[in-house]
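Just below sit the structures, each encoded as structure tokens.
Across the two complexes that follow, chain A remains constant while its partner is chain B and subsequently chain C.
Right, the complex of A and B next:
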């Protein structure tokens, strides 16, 4: 600890802190322009100058000067004030002073400081800049005449995003921030630069001339796209969201946001939002009253229940719903309808969560990622799937010099910084991990003590791993033996290694096995807290934990524990295990009435033809959603639901953190929060539910699920389980010569993003990526339309030639309407579980 | 075209992944076409493991680099101290208006490229303009137009 004096008061701070940090700790404000907590200090603008009295008198920039023992500082002397004022005058020489029309007004540091320091006239004069305003780049407007060259946008784009879209161009008085050859932005559109800009040089097109900052009501809530659950603040004016900004330095995102969080919420105001309940009459959906729609649903649920029995009914919820909604939904299905036929469509994709729960006791953590000294990025194209977690990887690697091992079936953005890039044969992750485990055991790189005290199952596990010799791993994965050995050593020798896996990629249904194989690696080296399993949707974790699964009650309690639930719910519960989403859409489906809440199986399940057939044969289809999705259009009854900004509740993020969402708007039209709809339906069905708020539902959940807030860290007991690599890739033949890989896309997530014009506006058209060699041998040119055909279906796409892609593989990202699901096989039911396959395809000219 | 491309490849292969070699690479790359085009700079960035914005930023910092093809004739307008006080700014304005370009740009017909320089070493003749190797002194806004007519 170091003791120094600031403005007459003593303070103790840690070594390595800056004067600015010390002052902040004491609540003393020092103005800054080029400084941001998240960036490395550069000390460029000098507005933060403070006076040193001892030891060597003079002025120093507070943001870039480290504290020293005995330092005596004054932050607001006349001298300091005068210098700050001069700096402002110099900045204002070429600043346009168009504050009345500038969208930053109200949160512009330059304007605020000019006012604070009373700069009313300028002793200096010079040419005002006359740069062309960038009106072409999407989402972000750049008016560099207002730029004060603080460099924060350049640095955040480089240091955190690792995009480096812009840089300083030219020099001296002419220096400016821009892209090469002044082209429009063509980047990740995270909007980080826009939020960090202290002036109006970078502003949001979505906010342009829509209001003034001080008119906005600020609502702190949680992003509803991916499983990270970034904290953000919405700016709302007259019932419209105009802005979002990363919030809360204590949350997972540390104020950062990706393009979806920053710009993707516009779907909530989409003109096609459902505003009234709909009922199918004479083959057409017509608007009806809530009363009519609800009564009709209840009448027909009852009819089926009485005629065929409760197990002819089923419900599928969505990992987009809040915990409270998922909980009530499963309660309604179980106690109201009387069946355990309940699931959420993404469920089998997130089976990794159960492995974490069962073998590690907590859901993994992202928190430590940034401080890791070695990161194994396994099947995780983070800049596309979880961009904010990608920031942590960038920081660990670029700032912390962590050794990065990228293991992915195709090169990704992070590959450029990788110590090792292991491109393996799709679907063979487990072989790779087992291979690494074997090397570690062979070379005695494991933490015996930890294995002995904190794990079980080592011997059986190592027996399985022993078979994965470097040569066998090479045969399965294509990765060279030396590379596997090196990766194992790098990981094992690191002090704080981390493994990152993103959930829900092919082969579907394998994630629990994959995650267990990764847990083995983490546990034998004694690193139970270095594992991050990143789920896809905002509440994938919650849906899993709140019992939207056929075999488990809330809190993952087995059906045989139903007594306690029966007591609280006041109803008898079915004891027979229910059907999963995959069973429901199976050929032998016996479901007659289906209730879908926020889920579109036509877009989310493989083999849409089969799925459609099942849906068409239903006697009753009730859909509850924000939009008339493809599946809602087929429904008999449609309930209009409220979106994330129109309701209250909680989401559980990928780390198991329970985070609140707060209503920023009233629901559009007659739309209602899912919570209301479900409880009313249940009441009419004869199963009483009455809650006045989400908090009340939460209180009930906590009674039944004591660990509603799941364990946040390893609690001392881990399980090692040997996992064999299955053969998951379909046969490669002349008819289907290419392996199909599916990938994430940062501009989209599920089905809501396609109603966000901001996101669709910057997202490329759906494409299939091919290596140039494969393109050549198939006589296909980039940009052309092609047919991608698998054994199950086909889809029409544009080709993008990607030179970095390995030969023999094609990549389709999850664009809306990519037709990816048409190509994928239905997982097969084998030995009591569904097993997905990675399919092979052929690409032919359209 | 093919020939030039090969040249760039030779330059790049000589410097591949060598730290701090950006400026010599850019200098030699510029020598091939007389300017640095976008594709050339992306290649350089890719090969040296840099971001394109870094390469562009460094290149624009130095006046020696150009980003558009040169015109047939180079018109250098002196803005050194002596020329500055004798009205170099007016000369520049008049020249640019006449040629319909901004300073540093090339005319649409590719005939002239204007450039701003400091002190051509003949201050007694200020204000001075140099066209290719020829120096013209004691200019006025009208005279400078006549000078151009010769080319």
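Right, the complex of A and C next:
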């Protein structure tokens, strides 16, 4: 601890803190322009100068000067004020004073300081900057005439995003921030730079000239795209969202956001939003009143129930619903309709979470990522799937010098910083992990004490792993023995290693086994807190926890515990395990009436042809959604639902953290929050539900699920289970010579992003990527349309040829309408579980 | 005695009448005639046009709306075809306006002023919300005719 004096008061701070941090701790404000707590200090603007009296008198920048024992500092002497005023005058020489039309006005640091220091005249004069304004780049407008060269945009883009899209060009009076050859931006469009810019040089095109910041109503809520659940603040004017900004809270994102969070909410104002309930009459969907639609749904649910029995009915929810909605939905299906046929997102989303819960007792954590000294990125293209988690990896690697091991079937952005990049055959992650486990046991790199005291099943697990000799691993994965050994050593020797896995990629239904294999690795080295399993959707974790699963009640309680639920719900519950989504869309499906809430199986389930067939044969299809999706267009009854900014509730993020969403808007037209629709439907169905708010539902959930807020950390007992690598890749033949990999895409996520014009504007068209060698041998040229054909179907896509991809593999990212699902096989039911496959394809000229 | 004083008062009254009969009157035959208000009169809000271009001077900074203590002003701006700021709508609810003139003081462009118009009566309350065009041209006053 170091003691120093600021403005006559003594304070103790830790060594390595800056004067600015010390002052902040005392509540003394020092103005800053080029400083941000997320970035390394550079001391470029000098507005934060303070006067040091002792030991050597003079002015020093507070943001970039470390504290020292016995320093005596004054932050607001006349001299300091005079210097700051002069700096402002200098900045204002060429700064255009166009505050009346600048969208930053009201939250502009330069404006605020100019006012605070009373700079009403300028002793200096010079040419005003007259650079061309960049109105071409999507989403971000750059008016560099207003730039004060603080460098924050350049630094955040490099330090946090690891994109380094812009840099300083020119010197002296000519210096400016620009791209190479002044081309428009072509980056990740995270929008971090425009949030951090202290002036109006970088502004959002979505907000452009549409209002002023002080008019905006600020609503603190949670991003509804990926499973990280970043906290952000929406700026609303006259019933329209105009802005989003990372919230300065204790949430996972620490003020950062990705492109989806920053710009992707526009779908909520899309003109195609459903505004009225629809009912199919004479083959056409026509708008009807809520009363008619609800009564018709109830009448027909009843009809099927009486005629065939409750097990001919089923419900599929969405991992985008709030916890409260999922809970009521499953309660309606179970108690209202009387069946356990309930599932969500194709039914394989929760497998990995199950494994974590069973073997670690908590859902993993992202918190420790930034402080890790070794990160194993396993099948995690984070800059595409979970960009904000990617920031943490960047910081750990670039700032914290963590050793990065990237294990992915194709090179990713992080590969260039990787100590080791392991490119393996798709689907063979488990062999790789088992191989590492074997090396660790063999070389005695494991934490025996931890294994003995806090885990079980070591012997059986090590027996399985023993078979994965480096040679066998090479045979299965294609990774060199030396590389596996080195990776195992690096991981085992690290003090705080972390494993990151992202959820939901092919082979479908395999995540629980993969996660268990990773848990084995984490546990034998005694690092139960170093595992992050990143789910795809905002509430994947909650949907699973709230019981949208055929075999589990809320809180993951088995069906045999139904007594307690029957008591609270006042209804008898079915005891027979229900059908999963995969069962429902099976050939032998016996479902006659289906209720889909926010889910589009045509886009989310493999083999859409068969899925469509099942849907067509239904007697009753009720769809509740924001848009008339392909599946809603097939429905008999459609209920218009409210979006994330139009309702209240909570989402549970990938770490099991329960976070609130708040209504910023009133629902469009007659759309209603899912909570209202479900409870009204249930009431009409004869199962009484009445809640006046989501909080009331939450109170009921908490009564039944005491650990609604799941455990946040390892609680001392872990399970080791040996996992064998399955043969997951289909046969490679002359007809199907290429392995198909699926990848994430930062601009899109599920079915909502395609209604966001901001996102589709940046990333409009689906593509298939292939290596230049494969392209050559198949006589395919980049940029052309090609047909990708698997054993199950085909899709027409534009091809992008690059040298990055290994030979023999093609990559389709998850664009909306990529047709990826056409190509994938339905997982097969084998030994009591569904097993997916990675398929092989052929690419031919279209 | 009474007669003398009565006659006196009667004559004074008569003198008064004749005096006013030949001096100009204070009241005006409104609406046939109307007052010309002094230069600094604070009447109905008006948006000023640029003399050269003939377009409104307002750049849409919302400062007047922010300052207005009666919250009478509502503005909406959009991005114009040349990426400039365009005032899409500018409304003043004159039934709320208290003629304080703070909006004119806030305006950095001299684009809003208080005119010398003072005739506000309308048949319908909704007529008291003046739109941009009305604010630029001045309200059209419907006169009572026989």
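In the analysis below, the second predicted complex is superposed on the first by the 840 of 846 C-alpha atoms of A that agree within 3 Å, B and C clash if a C-alpha of one lies under 4 Å from a C-alpha of the other, contacts with A are read in each partner's own complex, and residues count from 1 in each chain.
The working rule: a contact is a pair of C-beta atoms (placed from the backbone, for glycine too) under 8 Å apart; a residue touches a chain by one contact, two chains touch by 3 or more.
Remember, predicted model here, so these are calculated numbers, not experimental data.
Of the two partner chains, neither chain B nor chain C is touched by A:14.
In the superposition on chain A, contact is made by A:100 with chain C only, not with chain B. Contacts of A:371 after superposition: neither chain B nor chain C is touched. Within the superposed three-chain model, A:707 lies out of touch with both chain B and chain C [touch as defined at top]. Shared-chain residue A:69: touches no atom of chain B or chain C. When the two structures are aligned on the shared chain, A:210 is found in touch with chain C, with no touch to chain B.
Shared-chain residue A:828: touches no atom of chain B or chain C. Looking at the shared chain after the overlay, A:179 reaches chain B, while chain C stays out of its contact range.
In the superposition on chain A, no residue of chain A contacts both chain B and chain C.
Remark: chain B residues 38, 41, 49, 51-57, 60-61, 67 touch chain A in the complex.
On chain C, the positions that touch chain A within their shared complex are 59-63, 66, 76-80, 83-86, 108-109. On the side of chain A, the complex with chain C involves touching residues 99-101, 105, 133, 135, 141, 208-212, 214-215, 238. Note for the complex: chain A touches chain B at residues 154, 158, 164-171, 179-181, 416.
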